[in-house]
């Protein structure tokens, strides 16, 4: 068991910290607003009052914050993790950020005597609560192995996918496939509705064949019912598709479907649906097909 | 058990006919070239010499031919199914054709005193051999129920999805999702390779989360290995995407990802890869990313 | 001067017939509804009561009807042009139809002893009234030369672009470029508005450089003012983009921007804007950017 | 006449500086490599040895460098324009950079007592040599008016399009339209070639109608001849489309055709054609249509 610090106790970070407590780790938490820190304290963790306080004595520091600049703010600078954590500490960034930033921060960590792995997660709030996240991990093999016991307390599938930044790259690919699949299912559903097909029966038979995917399993029924309670919000997926398209451009990789999906997710957000579940791409397909609907969450 | 006629004994129709024999039905087969008919005879079926001969005394007539004009040629006209089958016969069209043609032929069937269901299948040659096809069935409820015992001899999932033509509509949606998912996985794989990620590990972790789909399960490893042995050929998927885009246009449904995928599948075919497995969309993404490769099947 | 028959006296055909009268030709007109025929008679033409009557004694027969099936209906059959016009008559199809249908009808014409050229026009109602249409002509060189004096009475630019059907192919390419350019200008305008740029000044400077095009010259100011009085209706351009995408698919030509533009024009129509000018693609871009507007024509 | 300093004497900056000399201004030039500075000296300008030297006594400072970071390097910092130019100097940035960077630098200029206008140009090397550039100018009205006499020495069309950064925004829109139009013309040309049409005749008639644009006028013949001597290089247009897509994303504006065009330009570059003229998009369309060709410049 280890001394683990969790920085960022939002809808993902807090349940992850709780699961670390439940697994027997000594857990310290820090969050910009203290309400979340108090919730962790009530669950058996220690509430830190600053990053410096939080990382004092830590063996593992997990960061779980919204975006690239947030991670930079937390780890760099006089008050940050690198300046205040013990030499040789293992930093696990579970945030979803730009792969190039992740690579850059891993190099900065090395200079500061900090071991770094990037470990973004998939599975959403429910996966975090149940401790069954999928975790894609980048970094040196020995650091990834050192992080594994901690990661296995919060996730079910923990896979080492390559050197520093690779976790973020795989997460970007994950977000590309998820968004694209939602859009494909949305196009299929509106197409089926327009033809008067029984969509519940259609979803069943589609899910059973080569077209089968998790969106059909978990989200298509909600889409057919126009229920778009998040889940994973359009705003966040829009952010992530910005990461994918930038990283693909940087690498010279063509992603025509990814680029078009990013346009559609951006349009959904621009139309004011940023707080709906990402499966609300169906609303856009419906609109572009001249088929109005009222939603239950907007 | 019923008297069942199968017209079209190709790579799908022949194993389906064999499974009907094995299930105890009395099976008559007809094919333009007699070699396939003889194979059925060797398996316990009757080899017919003409459509009129084949449908004489039939209770159920299954057609399994390549495209809309082929079905029209088989059922219409003096020598066709409608003119020669017994009144009240149940016609099951397992071909993948245009939904509007399917609707039109169902109406022509009704005028000819023939009951019609459309029942396109998913699952490929292997699914046909193993008798585990997914079958999406359109037609009147009583006709679909009458066809069910016969369909369950060749498929595992048999779902009634709506009135006449609905089976074809769902099959079209199936082909839209399958092609689009292949393209998304192809974009993700090339993106991961360009970043030096371990793709086998990445496929594992992607398959375990919300990005999970059958293409990742069954085809991604082959794609990563540049093995494009069909499987389902690009030429056929190109035909099917023509059906989807035409049907969506007819219905006024926007399918931006479907339309772009149809362009890419068409390009893959235009570049001379029509005989590869549809997962060869990866080659196109690779080309557009300036990353050459040699394939094992081309 | 020649005996010229014009079949189809709509918003394009009637002014073309009048210009032929003004140029000194002997003009006979036929239209399904007689009101237009009477207008031609009032301008010095002869009002025919049937196609057979109209083509009797004709040296040149011009057809100007909406779509492929309309042309087929007018020229084929017992009452049609081919069965009733004098041997050796020159048939000029000014309609915009599918290139493959045009090729097929040219062959049918040859069998019927009729010389055929396809001569679709660009320039709109105003161009037809002023006699300054651009005309793209397909057919045998001697037939095109024979048609030239008649075509020059209705158009300013008359160009022989290739064998039978080539006129339609070039018209299809024309419609591809026009629709795509409208969409590009729409994207640019909404982009500029979102950044608070003076769009009138921007249109001026854009029109002066390599970005310059006729849409900027003739339609951008109306688009900026949300004035979408047709002009050329969305419904018709949607029809034409169906021709382009089908012909490109048939020829194995990739048109990614054309295909996406066709999706957008289809969406604009599906949303109920079929009767607006095609420049109303701006409304769709605006909608997808979360920027509402009220139009003056809808 | 004014004391004008030009920083950045590349293929655009040098001829602009020469035209300023010819117009009677007192011109000082600075370039990282001294060869270009010497060429200006030979034409009657003064060769400066540093930025500080160059801007000493300047009334107007023009910067003409490749990208956003280059402009930042030239104006900011101890050795930069802002720290060394006289108070109240007028800075004219003719580079093509990100609008948001332009806005930020204008604010920094104001703090440093420097008046700033952004004035990116269109028209290419030939336009720079002939002094007939189109110039889209952003900034305060009085500053734009102050810059006008200098700008009119290098350009024919000088238009004030809005506040600081607006020039860059309009230039971004310009690059969106230009790239998209090239792609549309490329799709049309390959479509026409595949149908055996006389492309020279087709270009003539297309250029005469609503499809008419500068790409048809200036580049289509070269495209048809597979002559892709730059002109404006793919690498640079790829950079500019990165600016457009980022700025559109930032502003929440949907640019589906722009995004797809950016994918295609990126693919052309990834395939190794970065040094060809941007009209080489035709090669990509040809490739995706299975129609090979050999180029004269690659």
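Order of writing sets the chain letters: A, B, C and D. Residues in each chain are counted from 1.
In the analysis below, contacts are C-beta pairs under 8 Å (C-beta built on N, C-alpha and C of every residue); 3 or more make two chains touch, one makes a residue touch a chain.
Small disclaimer: the values here were computed from a predicted structure and weren't measured.
Annotation of chain C and chain D: jointly contacted by A, B, touch as defined at the top.
Between A-B and A-D, more C-beta contact pairs join the chains of A-B. Taking each chain's centre as the mean of its C-alpha atoms, chain B lies 52 Å from chain D. Mean C-alpha position of chain A lies 37 Å from that of chain B.
The distance from the centre of chain A to the centre of chain D, with each centre set as the mean of the Cα atoms, comes to 39 Å. Touching of two or more other chains is recorded for residues 252-256, 260, 263, 267, 269-270, 288-290 of chain C. Chain contacts here are complete: no pair of chains fails to touch.
Contact residues of chain C toward chain B in the complex are 242, 245, 249, 252-256, 259-260, 262-263, 266-267, 269-270. Considering their complex, residues 256, 260, 263, 267, 269-272, 284, 287-291 of chain B touch chain D.
Chain C meets chain D in the complex at residues 99, 122-124, 134-136, 156-157, 159-163, 165-166, 169-170, 172-174, 176-178, 180-181, 183-185, 187-188, 190-192, 194-198, 201-202, 204-206, 208-215, 218, 244, 247-248, 251-258, 260-261, 264, 285, 288-290.
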